[in-house]
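Written out below as structure tokens is the structure these notes cover.
Order of writing sets the chain letters: A, B and C. Residues in each chain are counted from 1.
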Amino acid sequence: MLTTIDMERLGATATPSAASLESMNAKISVRDFDFFYGPAKVLHGISLDIPDRQVTALIGPSGCGKSTFIRSINRMNDIIPEAVAKGTIAIDGRDIYNSDTDVVSLRRRVGMVFQKSNPFPKSIYDNIAYGLRIGGMHNKRELNGVVEKSLIRAALWDEVKDRLHESAFALSGGQQQRLCIARALAVDPEVLLMDEPASALDPIATTKIEELIWDLKVNYTIVIVTHNMQQAARVSDRTAFFMLGRLVEYSDTKTIFMNPKEKMTEDYVTGRFG
Amino acid sequence: MQRHFDRDIEDLKDLLLRMGAMVEDAITQSIRSLLERDTALAEEVIANDNRIDQMELEIDRRTLELIAKMQPAAVDLRFVAAIMKITPELERIADLAQDVCERVIELNREPPLKPMQAIPRLAQDAQTMVRQALDAFVRGDAVLARQVIAQDDNVDQQTEQSFRELLTYMLEDPRNISRAIRLTFTGKYFERMADGATNICEMVVYLVEGKMIKHAGMAPNA
Amino acid sequence: MSYARRRKIISAIAEGLCAVAVILALLPLAMILFYVIKQGFTSLNWAFFTQMPKPVGETGGGMANAIVGTLVLIAIAASVAVPIGCICGVHLAEYTDSKFSSIVRFAADVLNGVPSIVFGMFAYIIAVLPVKRFSALAGGLALGFIMIPIVVRTTEELLRLVPSGLREGALALGATRSRAVFTVILPAALPGILTGILVATARVAGETAPLLFTAFGNAFWSTSPVQPIASLTQQVFLYANSAYEDWHRQAWAGAFLLVVMILTLSIAARFAVRRLERMNRP
């Protein structure tokens, strides 16, 4: 088992250099990010740049901190009482952990889709319109337009256009997840965070979601957590490998899956891990 | 369902066909340079071989990336396997065309041997087989592929025939020996091109039908 | 005997005991219903619903004012208990771990066990004494106070049961905490909360003691909140204690009506919940 010193050295090699910072169009810049649940430190000095309009996958074994990390990007971790974050996460150059950050508007710029789809107990229409209504949009025609656009973008419009006012729970699992994606897209975010979006779905529904992600990345920066390595390989442009709260390796997806630099990464992607 | 990998697969197919077109050109030019004793053309073919080698590298790189990213299954997997086996065959065929041209340059330093009969026919047949093999791949035509494979025996016979023809020239006059031997090699090169076409066709059958007919005669439990 | 055989016998005995226990538990209920229906149903007539009580000694008459009175009292009680109870429940669910919340929770649990007449006394002190007058308002207040702990606890429990995914989903869309609670979580818990309210209402509909010196009862027709008001329970109590045969008959009718009312409330609760739940069922 690796010692803490080995782990720290690994983290150092994964840090982006100043040169690589500029070459990529970095939408999200993370520097020396630590995260604590009370006294327990669960993220150690994470530094990476997430490029604009690409899909970045976070992989790693259970408990490695990837979910904690992604939830830090839209500050969903704030609702946990003993959570403490240190370091910076900057979106378009502005640190979101600054004291004058408006968390509510942050969450409208950075949308989130969860592992277990969580449609509200309302109609399909009201689900999508929810984010719009709390943002102040009440004009019926405007709402109709955005609802339709979002459902089209989430590849769900054709399947539900005749039953917009039925309960969201009448949809299948895969459809509900696409509904949640449409709901997140409705408020026109710049970044879409997806925490294991397809893990509760059957293979066909999973493929639909993966193809949707591929289509969406033209317009959105997407960060996806997945415990399914093959999914990360299929769907992402960049992949970050986390272990025990540290960033072990972060590179092009091709490199990670064909020729990773770190042995730990190789052990993980070949399945020799553990 | 449309998958974004479908595009990658089509791109790979296109690359292979482009390489195939370049190889067909090389064969055509090598035959022309042989029949017309055109040294300049032969040198051009040799120089172009570099581009064909680069294509092989590009296709290899893309294929591996596709495997890593897509984890192909069923027909997609067979397609990828076919690409990986056809590409080096094409590259070898191109090398053989290059070899033919090298012999042509050497032959052109001496006056031509009595008009050859067997070799030009052999060369045409080999060229046709390669072209048909690539056609079979493009169209996924296992029937055509099998037909091409059947022609290989014919080519082998023609090679044997041309060797006998050249042998008589050698026995006739010792001054013919050097040119005759070079021509023997040339015939051998075309025969091996035909073998390459056969190998390509075996992969086409595998791709289309899932059946591996390579070395079929050697099956232990026939 | 074999182990399998012994298991079967023990299982059969246990099942038998369960059946006996169920019968014993249902027996009182069955007997009450049977008796009330037998005595009460025959006493019900049109006059019962429409006429006022006749003076002592005269036969006939009805309990029209008492029926309406009970309805008025329930309305006042609900309008007090529902807002206070729900908002309190929301607070307890949102600020689960605070000291204040644990105190409130404890207080609610204690109040649940307090005898209802104590609530009546409390309402007497704050609503009757200052104005030196009995009123429907005082009676409704007393009943409302009884309802509050039930509504609070039910609301809190049901809000807690709402899956946390809904809250996260709302927050992730940029809802503030209070927005999320009132536009997503509360509506999701609504079927259950409604049930809680109806259960609490059914409970207080049958209360007599707290009304004795708050609403006091009224022989005449009155729906004013600032006047004393009759109620079915009180009227039944009054008539049952009397010496007149006719009044006894009417008391049975009143009791029967009460049972029917509570039954109807419960069934209505179920129907409402079922319709709302159809929206909710994932």
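We adopt the following convention: a contact is a pair of C-beta atoms (placed from the backbone, for glycine too) under 8 Å apart; a residue touches a chain by one contact, two chains touch by 3 or more.
From a predicted model like this one, the values you see are computed outputs, not experimental measurements.
If each chain is drawn as a node and touching chains are joined, the picture is a simple open line.
Compare each chain's C-alpha centroid with the centroid of every protein C-alpha atom shown, and the nearest one belongs to A.
The distance from the centre of chain A to the centre of chain C, with each centre set as the mean of the Cα atoms, comes to 48 Å.
Separating the centre of chain B from that of chain C, both taken as means of CA atoms, is a distance of 92 Å. Of all residues in chain C, only 163, 165-166, 168-176, 179, 183-184, 187-188, 278-282 touch chain A in the complex they form. Against chain C, in their complex, chain A makes its touches with residues 74, 76, 79, 104-105, 107-108, 111-112, 114, 116, 118-122, 130-131, 134-135, 167, 169, 180, 183-184, 187. Contact residues on chain B toward chain A in their complex (touch as defined above): 1-5, 64-65, 68-71. Across the interface of their complex, chain B is touched by residues 204, 207-208, 211, 214, 230, 233-234, 253-254, 257-258 of chain A.
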